[in-house]
Amino acid sequence: MADAMLETIGLSRRFGGLAAVQDVSLAIERGVVHAIVGPNGAGKTTLINLLSGDLKPSAGMVRYKGRDITAWPAHKVAHLGIGRSYQKTNIFRDHSAFENCRLAAQARLPGAFDMLRPARSRADVLSRARQALEQCGLADRAQRRAVDMSYGEQRQLELAMLLASEPELLLLDEPLAGMGPEESARVIDLLKRLAATHTLVMIEHDMDAVFAVAERITVMVNGSVLASDTPAAIRANKAVQEAYLGEAVS
Amino acid sequence: MPSYSRVTLVLLALGFAALALFPLVGETFYIRFFTKIMIYALFAMSLDLLVGYAGLVSLGHAAFFGVATYTVAGFIDKLGIADGFLILPAALAVAAICAAVIGWISIRTTGVYFIMITLALAQMLYYFFNDQLYWGGTDGMNISAKPLLALGGFTLVDLSNRVQFYYTALACLVTAFVMLSVLLRSPFGHALVGIRANEGRMRSLGYDVQRYKLVAFVVAGALAGLAGFLESSRATFATPAYLGWHESGHALMIVILGGMGTLYGPILGAFVLLLMEDYFATLTERWLLIEGLFVMAVALLMPEGLAGLPRRIAALRRRAPENGDG
Amino acid sequence: MSYFLIQTLNGVQYGFLLFLVASGLTLIFGIMGVINLAHGAFYMVGAYLAWWLAEKTGSLFLAVLMALPVTVLLGLVIERFGIRYLYKRDHLYQVLFTYGLILVLNEAQRVLFGNDVHGVPAPAWLAGTIRLSEAQTYPVYRLFISVTCVGVAAALYLLIQRTRLGMVIRAGATHRDMVAALGFDIARLFMIVFGLGAALAAFAGMIAAPANTVYPGMGDQILILSFVVVVIGGIGSIKGAFAGAMLVGVADTFGRVLLPQGAGVTVYAVMALVLLWRPQGLFGRTA
Amino acid sequence: MQRNRRTFLKQAGAGAAVLAAASALPTRFAVAQKAKLKLGLMLPYTGTYAALGHNITDAMNLRLAEAGNKLGGREYEIVKLDDESAPPKGKDNAARLLVRDKCDLLIGTVHSGVAIAMAQVAKEENKFLVIPNAGAVQLTRQNCSPKLFRTSFSNWQPAYPSGDVALKDGHKTAVIMTWKYPAGFESAGGFKDSFVKGGGKIIKEILPDFPSVEFQAGLTEIASLKPDCVYVFFAGAGALKFMKDYEAAGLKASIQLYGPGFLTDGVYKQAGSAAEGIKTTLHYADDLDTPVNKKFRAAFKKATTREADVYAVQGYDTGTFLIQGLDAVKGDISAEKPLIKAWEGVKIDSPRGIFTLSWSHEPIQDIYLRQIYSGDEKLLGVAHKALADSGSGCVMA
């Protein structure tokens, strides 16, 4: 078994009286594609937000490579090499696709705070951005304004930005949401390729996609972890079948 | 991010050239008046960095302008030091430090909070000078001399000479323009614009958003300090009104009238607004009524300001035939 | 009554007045997301109307009754022909528009009522005083202001928490689209709220007129103080406005007594401290 | 005759915003106005002090009209400019009048901060400045100048006699309450000078920040200190509110209130019973029983339908001052030495009584004691005869 890259211990988050995430202890292993599934309102996105630093936990701990990063602000978490994408497309609408990726690529490189040299003269940043666009099949869309792109393209841009910042660990919140079958296939392909070199945590509703790429699956219900195991074991798990997969698998 | 079209660049060059030539033909009073306009343009430009690029709507920017004027007054009339090479950095530093403290408190908040907090904290500085008899209180204080810009007994620039002062102000304006252009083209500048567009996303990409904002706030504060240094040297006067929120509102007006998010907008805005105020005042005693209505109209009808007019007109033209066809 | 107690009374009473002005500001912001710099100008409009009508009718209460609809109408007109177009824009434009509005209202006041300073007599039955100490008495009218403020606070609370309009207002504050989808006329709702906010500020000006004086530009100072109150309390929170107003009133009073050198700065220092502790204000929602 | 900048600009055909037109203005103007004297009148016509600006202007025009609208036999023209009581604009406005409009002489203003700015511009441009109101002491002390004259008062002046008055009334202890701003301090200083010299004791100085009108905390302090009397300096809205609060706090009956005339002038009618009994000192009293005053008040009322006040008197005297000086040099304002000499030697038979100028160019004048009595301001007598400001720190050079 590989070592745990990201670990949560008793992680909880309450919103007023509602426990959105409750006592979640997970170990994400290095190099593994780890899917988180569960019905709407199960607390999946909240969990991602807790991992990425967008939300602070009410209780519990997050460890990355053995280091306690609980309640670290999002930008510091990002600097560790944990990147995330959003379920609801979250891009710079008035920027070109290229500039979207360029900003992402610049973020973690030294010299992001440079006030003198032109941003567009940074060869390392530019090539990263270009590469990311290519990987996501958006090379020919580089100069298009993000807001003018199709929905599917915007979803891919969301991924491209993530890649441009070259994280080790990717937190993907429904990367396939709202995509047509063709686009989905392309992205699943991309995710498989990424899996070779990255650790992936993804929330996804598309069960075919989940079983196609995931090596581990965590099932969440009502903020708690119901089961966390290999896809085969999850498929066989009675409790999961009853609680969630029942209709989906049959 | 300023990436100017060729037409804009040519117009800019022409504009600056016209300003450079003006003292050759202009009459004394207008040299003085244009100097003032350029100083206010510089001030508004510094505010534009916050409002137009970083998305930080500050309603307390005049405070940094004002503390610089009192720094000049303090050096010359309280300490008896007239060395401009000492006063200038000190004025910039005082403005920057005030901006750092006010910024540090303010940038924890966003939106309306930010507007209100910058306003209130700036008022605090206003009342400080307003209440201290040592600084002349409400009367303000005359500054008995102009800062001396001399090296080894040789006067580099004689600020008491109106034409030389004019060119000093112009040089400062151009320098600030170039400096900000460079800044906005840099990774830092791009990040600022990104923060304005989508702060949360920038954070999750790994940008320390607060730090960027604070640095922008301090840079803008220091530039406002430069404008304050120039204005107090020009007018040889310091008054609490320089720090008041009406001055901040006025600067905001210049920025929006000219066109925020363009560095030349504030210059355009300063010339148009100050000359227009000058003209309104000759029309009627009730000129503030006209100005108020004008301000409201600009807010409603010209969100992109003068700089955005060509684009708007072009857009209208494009739309008109379509409508005709339909 | 001891010296300390009397000073506390002064501070609390001042706080009540500040609350009355600030509540309208926080209401408009909390529900409509609009920053209204002209709030102080509405306060001034109220004071001038109260003075002018009281002078004409000889009764302050009659004046208030007549002036209130006028100020509501003023609010409605300004919303309909100005503010309405700025909801979706950056706050910047609201700042600019209402800044222009201040200039216009200030100048209109001068054209209509001139530059003189005026006093408004309190109604005879409230004109008395109460003895507080051997040397000092306290005007009954000031106590009346406090009672009125409590009344307004209670009425606002009931309106917002207990009535159908209040329910829609509260829902509109957080879920504008949802309320619209449910068939409520959001545009009309906002118009009403803006009118109500403007009238609250004007009402404060009317009620305070006999205890204060009526003079040109009187709205400027009260505006900044209202901002401080609202920011301390948490924008959009009536409860917060109340707490903020009390804090500012008491801090200002004791600042004058205990720290006369820095009296002008006390309230701002208090504000800065509160914000360092809670950037969203005492009762503000976390962003 | 009088022209304001509106007509001036219209004639010049100016869209002043246009650069070309702007630079064309001065030449046209110089040709058209060669023979006339140009007086630059810089006063507030908008804002808090607008009423003062209007009274000064109207009374001055009244006086000049009485003299046949000629100064030293010369036609004149007045260029009016609203200073908005805005210090940041003070220098530019003064420069506009002196540099662009080429006025021969500058007159103004009400706000001390603006006047201080004007004084410096006048000095730089080497032009005369006549101040018809602003009372900042520095204008005729450390900032005095041979070409600067004041026809009104210094803040110290009307206040100084009030200390003696309080002592004479049998008071031994006093609390001073004034806005924390220069005019308040200078006025309080005047009271202190004479009160302490005569053996009185100042228990405490309460200084609310300008222009706050929240006085309750201070009043409670006064009530607990129980001084024999209180000296205050507030004006306009602040004065009105203070008097009402002072009465409502129950202090009026037990602790006598003193102040300079600005405390009650213009607002005592509004204050009603709250002003009753307050004693003030000033260089003027409405009911001065002299022919000059009566005639002036009637004429001013007729011309403007308003009642004259101390500001109108100052404007009127500014007119007399101009007439006497320029008559002496036959309208030749370039004859600076004789003109200064003439102005230094003026003897003005003013509605406020006859006054002359001190060596620091400040009126040497009688200060009157007045009291509000049965809703009217009554003259009680002269509090100090021919009082002159010390002019300390003034070096005429």
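Residue numbering begins at 1 within each chain, and the chains themselves are lettered A, B, C and D in the order written.
In the analysis below, a residue touches a chain if its C-beta (ideal position, glycine included) is under 8 Å from a C-beta of that chain, and two chains touch if they have at least 3 such contacts.
Because the structure is a prediction, the values reported are computed rather than measured.
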Query: Taking mean CA positions as centres, which chain lies farthest from chain B?
result: A
Query: CA centre of chain B versus CA centre of chain C: separation in Å?
result: 32
Query: Between chain B and chain D, what is the gap in Å from one C-alpha centre to the other?
result: 36
- line: Distance between the CA centroids of chain A and chain D (whole Å) is 74
Message: Quick check: how many Å separate the C-alpha centres of chain A and chain B?
response: 43
Statement: For chain D, residue numbers touching 2 or more other chains are 46, 180, 209
- prompt: Where does chain B touch two or more other chains at once, residue-wise?
  reply: 127, 130-131, 286, 288
- request: For chain A, write out the residues touching at least two other chains, lowest number first.
  value: none
Message: Which pairs of chains touch each other in this structure?
response: A-B, B-C, B-D, C-D
Task: Spell out the part of chain D that touches chain B in their complex, as residue ranges.
output: 5-6, 9, 15-17, 19, 22-23, 25-26, 45-46, 82, 86-88, 90-92, 95-96, 99-100, 112-113, 116-117, 119-120, 136, 143, 180-183, 185, 209-210
Task: Enumerate the contact residues on chain B facing chain C in the complex.
output: 51, 57, 59, 105, 108-113, 115-117, 119-121, 123-124, 127-128, 130-131, 245, 249, 252-253, 256, 260, 286, 288-289, 291-300, 303
Complex contact set, residues of chain B against chain D: 22, 25-30, 32-33, 36, 127, 130-131, 133, 136-142, 235-237, 239, 241-242, 247, 272, 275-276, 278-279, 281-286, 288
Message: Residue numbers of chain B touching chain A in their complex, please.
response: 1, 182-183, 185-191, 194, 197-198, 200-209, 211-212, 215
Query: In the complex of these two chains, what residues of chain C are touching chain B?
result: 29, 33, 35, 37, 82, 85-86, 89-97, 99-108, 110-111, 224, 227-228, 230-231, 235, 263-265, 268-269, 271-272, 275-276, 279-281, 284, 287
